[in-house]
């Protein structure tokens, strides 16, 4: 009784995800025929991880092509509206695939040094990004949960994938436990929303809420729990406590993946739920999210100040970035959403590049690089130091030399100030926080440029692939930092082209006006 | 002739982009002298990076001359204006142009930087390709600040100065200066990021269609919005130009920085930006009684305080820094008094301060090259040993303390006259600052040049080399020439300052209670 | 009936949360997380009596996820035990800021 | 709902009661006369060395994990199996029979995808040696 | 309810008698007489056993989990006693209060209920093994849990084809479906076989009684138990055996249905119909109980690794593939316009014959049917020897005797081992 849902429509709507997961499974099968451990030919087996990682990159490109084609065709989501087919999904898909491809390159680079990864790690990464892509298109709480878990489960494993490392195991267990708990909150929120509204489709929820004179406590507690769960996932303060430890312990490529791509996906779904699904209730959650953003920005930046461990520093910095991104969700209109997309592109590039440099200077050791490791980098590898500076400045939001990072902040600020209810105070908090962030980013710069190279510190060497990754990321940041229009055009198209199944009940922007009359 | 070549179409973009291009060339193609010296490595091919840098800067100076050449003294509005499409979605264009206010700044910058490099040729001897590249980037930023008419482009140029300066000070400065340079960046950044918020808000208020200053000047704002935006802009500019009480980073950074960086730090970019953006964009806020009087009082305090503190310094470089702080007070005074004389005086003061500070820092750098210190206690009686040096120092110092006949006098005189007409009390107090300036200037001269040669090493110091002489003679000549013939600048700044005052008085945001300014002089 | 089920579910969830907050043993934390998920399942089933089959479908999915999570959690806890000889999280100290 | 399961509940109570009774009665009827030798765990007459609850083969954990995962697959298959005929029909069935020419491959396709994924996992586990007990 | 009491009483009696039957059968197989002292022909032997167990002293080993030790037998006992409640025993009985389903609890999800409750039994065994603080017991408990969970998957999967044909999880409907189409054992032969094998394993009966393999583990998880506690495990085992037999009969042999006639399936139902079908059901079940005992006294025990590998690498894939095949085939038959009836079953039977042939020739290759020793060609013998040599070399290497010591097997977490 496959009513109204022809298999063809589903296939069309989910083609990229299917391609990616299918490819990932092929890679998994390929990996299993790789000799390892005490089997004969294990030495070549280690090579295999690199090969598979490269295939993974190619797969990402292919799927990216599929996404582009789907977008160009104006492919719709599923007819029942549970999977979106709008530009937002496709754009986020592209960012996710970009991040995955770069993370796979990082993986390859790290593997060349430490040989820490089994051949199934690339496919794990691809499976995680399948989950993320599901998240990007999810318009139903069920799909949200499915995507979150698909992503998280793979990433839990990735965090602990270096079996020789106790640090990796500790990171995995912490990430896993916190992740499971946050899933619990998320799920309870979903259950209460389902109980209150009778549906898990965002569209139905919106329509239900729009029809209510007052929102029931059940609904509101569902929203609150959902918010908590999502805040855990995006590592917003005060639900961020797992982040530094997990980022610190996980292998560097995985950390890059977590801090850029996982965050992208989490924010995509956060935005979709809050803006598309719960916009009607905006007056009720608005204040909570406001404080969440403000506290996250402050906490992330302040705690980052005292870190000497570069990965922990970047972990706190990623918390701060989560705060910036939250601002765009609070704004909630099309401008905010496109700012979000632009931001994650820039953030992905900068993060992957920065971790590429960290992998290079770490040389495959099983510990996180510190300021001492990077000190005097300029004296031995000047271009590497310059690239790292670009990435750090991009994090910081410095114009020209920080490239896209500046426009990322610009667009968020613009959205915040242009919104129907301008978020001036948040904007000011954001810039002050950015100024504070300069202190620790520049501490790294100053370590690289102004401190002598410690005795006995080896000269880092890179693989060609990693080198090209770093160079590409830096150049892309710089070029799009002077001419951000293409990316912004993309982001803008993403938020203006909506599929036929998009929610007619809640056009963005007008939502606020409707809800203004909702009595508190 | 120049116009017939269409030079005004490309000269400004060239000034902006050439240094960036040259920076890449220098970094890649330049040769690091120190490596040759150390003999560690076979000398890599290519010319000395310093030579390359200097050549690139010379080209920049030539371009500046061209701009000067195409500038129509009687013209109105922007000259040599170019609009390059850029970010259509924001309404940002790469709009470049100069007027009487910015022209002197552009030329000043384009000349001072190469002279400073030449004058401190041996100040930096390690990793010169990177040094040259950063200097060129910095130059691009400096020039960009003066010639961009679009606020986004301006902001980019403004921030572009930051990181090169940070690295120049931190890497090539005295040991342990990374903290000072970090402080500089952080101070500046807080201000400029607030300005960023204000820029976006302003753009937004203007309909979000254009970031061009001409457009934004026409945007009507509520007094409250104006006030906040003005404060944000002012914060950025005041920190950058080191107005008391935001000046604390300046002496530390300048005294630690390599000479060229100290010179660029001494350029009054912030003061220019206040004249160009903060005042005309938000006139009601700038002319608001409370705001204006606060700033005026601060300016006067800066004049006196800077001079007094300069008197108490034991290091030559710090004296220069504080004199620069003191000058800034005068410039601010002139800017906010906002009479035609005072504005012109402010422009003159920016130029004079730029030249004099450059000269003094170069001289300090020369001392430092010879003795590795600039503390007064290490010197004395140099007049006999270093005659060329002494002459240059005396002239520069006299210009700094505004002796008639030097450029310094023109600027201060105009500012004080303008102020006197409006705020006699402030003018009188500010004048006392000039007297203190004489004290610290003479004291510095005396301690360096005229006491006994009490240190063995000072007896055998070599006088200025030919290269150093060339630089100092150029600078001294400029001081004296502009001192006796300030017309070259005043004539060009006249219209621009008139236009500024008009826009303040008659723009959409004109203050309701007009400041008592007489337009007809 | 539904109300009672919801109350039970909320209590179970709360027990899970409290356990998570107070205990430091990885296995117990893990069990608490599973308890939270299953408490939610109870809610879903209860709500399904009001709203139809969607809740049941959700429950099956949650069960699947919980199973995968359980398998994974067990593996990770074993890995922890192999590295540290304990499953007490407060003894895990390789990662300190 | 409750009525259908009432017998089960009754039976459950009855069975539990039975179990308690059996345990209780046997507890009352016997008299324990423990001696130290009687009390030691029986290990074929050899004095036990150490605690029994030592670490045991990780294989058991592995089987547990595999069970959890594969058992859930069965959970998905049961509803599919029950509704297979309905899923194989593009229109609602008439008297339990699909109208001619309306067969749909939807149900089969879905399950093939599902089984394919399952097989990939199975092959992975197999090749990894998790299924061999050595 | 009366039904519960009656059926429970009968059930307990059956279980008790089964212990006797088993011993008698064993004696018969082994050409001896079996118990013959208590009562005529030993008929009162179960009673004697019961009294003995009640009187027997219980040992309390110095264990840490006293309560678990006591609860464990009950945990094994309770689910075993619950499972059978849903099995339809006969055609509905007409009474003054209307038709009464001949099952203790005719729940609509009977099949799921059986699966769910029967899998709870494993707790009793694991906890018994754990709480005994006895190495044999622990190992037995672990083995039983691993074995039961392994075969539970195969069991679950092997019943999916039944659901495919029946379209319902209610056991009554399954019986009805077989009444219409013919017994499932014909249409789903392979499913039946896998189900049967899995059932043996689930009940811990020979040839899969590794958890209590007396030659290795004394008595497995109940080594430390005596008296009634031991007896409860025993009752549970026999009860499970009956349940599984009844389930086999229900799912594959038409349950209480009489073959070749629709007389018993259509209204009006009479007491006679009920009685006849009850007898039919009892016969079918009894036959399977007999098969269980027959197998026990005929086949040798599996090795543990063989057991696990059989479950995971043969049963599971076969069951999975069979699901797909049946799904395809039934869809194909539907497409061909074959109505659900005897013809449908015949077609599937034909398919099954082919499949069995394939299975035996291709998949088996001498592994299952005949003993390996009878088929080993000289070259294979050579290969086997080489493999054994290789294994022992590797073992030596693992102990560090040989220099080329390789690591432990990567990919799966390998630790300890026993």
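Assorted remarks:
Which chain is which? They are A, B, C, D and E, in the order written, and residues in each are numbered from 1.
In this section, contacts are C-beta pairs under 8 Å (C-beta built on N, C-alpha and C of every residue); 3 or more make two chains touch, one makes a residue touch a chain.
Note that the coordinates shown come from a computational prediction; the quantities given were computed from them, not determined experimentally.
Here the chain-to-chain distance from subunit D to subunit E, counted in touching steps, is 1.
Comparing mean CA positions across the assembly, the chain most remote from subunit E is B.
Here A is the chain whose Cα centre lies closest to the centre of all protein Cα atoms. When the interfaces A-D and A-B are ranked by C-beta pairs in contact, the top one is A-B. Averaged C-alpha coordinates put the centre of subunit C at 20 Å from the centre of subunit D. Centre-to-centre spacing of subunit A and subunit C amounts to 25 Å, using the average Cα coordinate of each chain. Here the spacing of subunit B and subunit D, counted between their Cα centres, is 81 Å. Per-chain CA centroids place subunit A at a distance of 50 Å from subunit E.
Counting partners per residue, subunit E has 409, 411, 413, 415 as the residues that reach two or more other chains. Among all residues of subunit A, none touch two or more other chains.
Partner subunit D is touched in their complex by these residues of subunit A: 1-2, 7, 25, 28-29, 32-33, 120. Considering their complex, residues 86-90, 130, 155-156, 159-160, 162-163, 166-167, 170-171, 177-178, 181-182, 185-186, 189-190, 193-194, 196-197, 200-201, 203-204, 208 of subunit B touch subunit A.
Partner subunit E is touched in their complex by these residues of subunit D: 4-5, 7-8, 10-12, 14-16, 18-20, 22-23, 25-27, 29-34, 38-44, 48, 51-53, 55-64, 66-67, 70-71, 74, 77-78, 81-86, 88, 97-98, 100, 103, 105, 107-108, 111-112, 115, 118-119, 122, 126, 128-134.
Subunit E contributes residues 1, 3-5, 8, 53-62, 70, 73-74, 77-78, 81-82, 85-86, 104-108, 112-113, 130, 132-139, 142, 145-146, 149-150, 152-153, 156-157, 160-161, 163-164, 167-169, 218, 223-224, 227-229, 231-232, 304-305, 308-309, 312-313, 316-317, 320, 323-324, 327-328, 330-331, 334-335, 337, 339, 409, 411-418 to its touches with subunit D in the complex.
On the subunit D side of its complex with subunit C, the touching residues are 58, 61, 64-66, 68-69, 71-72, 75-76, 79.
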